[in-house]
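In this document, chain identifiers A, B and C correspond to the written order of the chains, with residue numbering beginning at 1 in each.
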Amino acid sequence: MSHANWTVYVLEGTIVFLILYKILSARAGKKLFIRRIPGLSAIDEAVGRATEMGRPMLYSTGLGGLDIVSLQSLSILSHIIKVAAKYRARIIVPTADALLYSIAEEAARDAYEAEGIGESFNPDDVRYLSGDQFAYASGVVGILNREKCSAAFYFGNFFAESLILAENGQHVGAIQVAGTPCITQIPFFIASCDYTIIGDEYYAASAYLSREPTLLGSLVGQDYSKAIIIAVILFGIFAVSAVAVSTVPSLETILLRFMGAFKG
Amino acid sequence: MKFLMNLQNIDRRVMYILLVVVVAVPLYLKWKQPIAVTQEVKSLYNTVEKIKSDRAEDGVYKVGIISVSWGAGTLAENRSQTEAVARHLFKDGIPLILLPWDQQGNTIATDSIKRIAKEMGKKYGKDWISTGWRPGGQMAQIIQSMPRGVCDALGKDMYGTPLKDIPMMKGVNDCKNIGIVFEVTGSGTVGIWISFLGQTNKVPIAYLPTAVNGPEGYNMLDAGQICGLMPGLIGAAKYETQLAKDNPDLKTTDTFALRGANALSTSHLMIIVLIILGNIGYFMSQHRRQVM
Amino acid sequence: MIGFTNCLSTLFVPILGPMEYVYIAASIVIGIAFLFLLTKVPNKWRRPIIIGVTFVAGWFYFIEFIIPSSSEMASIRKETLVAERLVRQAANDVSVVETRVAAQEEARKNKKKTSITVSPAMCSQRTASADKDLSAALTHLDKIKSDLESAKPKADSRIESELKIADAFARDHHLTKDMVESDTYNGKSVIVNDKIKALMKRSNDITSANNSITLPFPKEGEKWEAGAITLINSAKSQLGNITQPGSNLTGILNKAADKIVEARTSVVSDNFLSRYKLPLATVNSVVGSFAFALGLFGLFSIHGKAIAKRKKGWYNSLAFFIAIATMTVLGFLDRYAAPHGSVYADFSHTAYRIVFEGGLTALQSTMFSLVAFYIVSAAYRAFRIRSVDAVIMMISAFLVMLSVVPVGMWMTSGLHGNLKFLKLENIGDWIMTLPNMAAQRGMQFGISVGGLAMALRIWLSLERGSYFDKQL
């Protein structure tokens, strides 16, 4: 589909409306609940451990370029750096995308400045390694082993290198927290990391960590949107089944129209 | 008792050495095992066969595109997949366009296709061409341009000849002339083909990922976004098995994929045995703790 | 607006000869000056600028997506959608009767009793409904045909005027005929923005066609709608026979619907903004290249300092400089420096292949092969039966692992008949295509909605974090 059709207008319009409505109502002061996500709660624990051990931490933004997944990763990075800066703990951020590298550096600098210790920021700790998958992986593995990192965070787009990173982190004894929307890599992170953030928890991370009303509102809006999608799926199942067994042509026409609306 | 308990703490170096042995040895043994061709591979195979039968019926000239989105890293799996489908296209007389998005993949895949073309008596420019390396960053733009003219979108071949001037490309104008696109990849690039060519122009897209990324393909296959799936080395072995079954004269009985399938068998068995041993050790230590 | 567009197009005019280098140098100087100026912008202005640019860029892609095709083909696309729906409806009606007839026939052959009945009333009702839908579909297809006929002269005159502008432009800018030669793909149905295309041709850019407004009239002798019309007419004439065993009108109608889909997909649906997508992508690539230089500069700084201060492991940093210099020099030598066929060419090509294949390729393969080792140690450590869930997980893992390898297939190769479903490959296939797929799709929906919400927040500058530390 090159351009939107009516199904997209209606479905996406409803989702956007719900998210914005919930954001506005949250900003108006409505209290919202968010359940505990162990992986995200473990971040502070990991930073504390790194401070005690006096060893640096590592934060990998994955292989993605400057996209939504990486921007969410930067949002989480920003929070972690602020916590790390508070405890004067060192964090190394290797990136695989040059555009992301410059933004990550600025985000790190901002986080240090927000804690009032801008002079402690070391620009060399945010690094561009390589855009190549395994060159990047070997670079990160090198840092993990040389610096004996006490904690490792993997948030972003990961592919076959995920297990290489996580197993090396495991071997150096780092406490590891990972989150990725790349579904095929989640099993590898679960096997090797202490905590793994699954599926859309990845996008709930910034709301969970900051408890900002805007982000919490957005999260509730997302839940309502998912309810609508579930309703559409259920109706689709009903429609397909009904067409298969129906003997009423007019009902079939309506249901076929409904199903046709979801074609590209 | 202590020995059994220690089974839960086998040194990883011991496991690594064992793995080297169980992977390397079968690669040198001529050991034939039955390989069942599963549905996802079969539907890919049938799509290629359909190009041939459609051509006989409608007379529409169709080519196959092998998109090389892999590098040296995933060579062991992706090269076998590339070779398997190239053999099939050559066998059916379907012209092949090699479209590499990775510099390393370009060199490796071109060498492979040259070798297979020589084996099967196929000629460059008549039976196959390569566009040479195209920057991966421009993948979306190039694919989006294809419906407006395939030759224009792909420009020149690896020797600098405009595609329009190559005999094989005469008659290739728009997406109707693309019979199938094989996305051979080690990462998540198939979505671009699906969004900009598969869904918009109904060109059959086949997904040939590494085994690690294979599971996500079943979704796309079920939703009709891809016409077939060949996950990893074992997928290539299944495809070659089907190819050999239908074409006994084709030299596909001793390929790397088929030998690799044996190595996969032994390594998977080894992992299962290790997991069982680990659990015996775990069970014994739990038992002892309870007794104490 | 037209003046602005012309101004933009002038920037894309190809420059040949020594002036090319002057332009490249000037572009670099301007780029550096621009970056320098950007750093001097006060903080209170910098943030609004970033927010403004994000918002405008977001608007561009948003509007480009939601505005339908602005070409004459928009109505034709719509007609094909209606025609396809009608044909599919007819196919559904026909299939209801045909499936029942086939089931009855099957039962008769096997001498079994069946409760399936085919009443004449139902048959005539379905046939009438299908006939009505097919007639309506034919009307729509005829309309498409006449729309195409009437749109052609209008499009041709637009092409003529575009070509005149292109000719004048070529004359003014001393472009050779070869550079502005119009594309004759699809007869006269392509209007090429020659100014941009000239540049594209010169620089071997393969995306020239993206800058054309394409009106996809069927080529001579390839009238797609004719195929669909023939199939529908043939189906209409056979509607009376659908109660005969062996009738396959459903197949014919589905094929007709596919032909209509084929027609729709050949209609290029550009709107007035689509043509700017490629230049914007090019701007993105250029910004990316600058950022790459920044990344490289960062690497040089880290490793340069390590060598200068003789830090622990400084020789690794030296290896970095040696590797980058070797690959760069050999790459350039192989590509440009040595004349073809000379001894130097052979030498540089061989040297490049040794470094590339002997070094880089081997290193990359080694890194990927490490995954196999790590899978073994991770699986050994992770699969401990600590709970019922873990047992289920482990059993599924064993089944899937065995189902994909020949030895697993061999283990259950003796199962036939009713026990065939117990073959490991069938069990593995079931796990992958049902439970696995359901879980993946559930996650995918959540991830997609999450991504959409994130994009919305960034676009409207509601996101707090990373580079927006203050929300609006």
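Going forward, a contact is a pair of C-beta atoms (placed from the backbone, for glycine too) under 8 Å apart; a residue touches a chain by one contact, two chains touch by 3 or more.
Nothing here was measured: the structure is a model prediction, and the numbers come from that model.
Trainee: Taking the mean of all protein CA atoms as the centre, name the chain whose own CA mean is closest to it.
Mentor: Measuring from the global C-alpha mean, the nearest chain centre belongs to C.
Trainee: I want to compare two interfaces, B-C and A-B. Which one has more contacting C-beta pairs?
Mentor: Most contacts of the two pairs: B-C.
Trainee: Go ahead and note the Å separation of the Cα centroids belonging to chain A and chain C.
Mentor: Centres of chain A and chain C (C-alpha means) sit 24 Å apart.
Trainee: Distance between chain B and chain C based on Cα centroids, please, to the nearest Å.
Mentor: 19
Trainee: Using mean C-alpha positions as chain centres, tell me how far chain A is from chain B in Å, no decimals.
Mentor: That gives a centre separation of 30 Å.
Trainee: Can you pull out the residues of chain C that are in contact with at least two other chains?
Mentor: 288, 363-364, 367-368, 371, 375, 377, 379, 381, 440, 444
Trainee: Would you pick out the residues of chain B that each touch at least 2 other chains?
Mentor: 71, 73-74, 186, 200, 212, 215-216
Trainee: Find every residue in chain A that makes contact with two or more other chains and list them.
Mentor: Expected reply: 2, 132, 134, 160, 183.
Trainee: Taking the touch rule as given, give the residues of chain C at its contact with chain B in the complex, in rising order.
Mentor: Against chain B, the touching part of chain C is residues 183, 185-186, 190, 204-210, 212, 214, 216, 219, 261-262, 265-266, 268, 277-278, 281, 285, 288, 356-357, 360-365, 367-369, 371-373, 375-377, 379-381, 383-385, 394, 397-398, 401-402, 404-410, 413, 423, 425, 429, 432-433, 436-437, 440-441, 444.
Trainee: Which residues of chain A touch chain B in the complex?
Mentor: Against chain B, chain A makes touches at 1-2, 63, 132-134, 157, 159-160, 182-185, 264.
Trainee: Please output the residues of chain B touching chain A within their complex, sorted ascending.
Mentor: Touching chain A from chain B are residues 71, 73-74, 186-188, 199-200, 210, 212-216.
Trainee: Can you check the complex and tell me which residues of chain B touch chain C?
Mentor: Of all residues in chain B, those touching chain C are 8, 10, 12, 15-16, 19, 23, 33-36, 38-39, 71-76, 104, 107-108, 134, 137-138, 140-142, 144-145, 147-149, 152-156, 173-176, 186, 200-202, 211-212, 215-216, 218-219, 222, 231, 234, 237, 261-262, 264-272, 274-275, 278-279, 282-283.
Trainee: Within their complex, state which residues of chain C touch chain A.
Mentor: My answer: residues 64-69, 84-85, 88-89, 92-93, 96, 122, 125-126, 129, 269-271, 274, 287-288, 291-296, 298-299, 301-302, 305, 313, 316, 363-364, 367-368, 370-371, 374-375, 377-379, 381-382, 440, 442-447, 449-458, 462-467, 469, 471.
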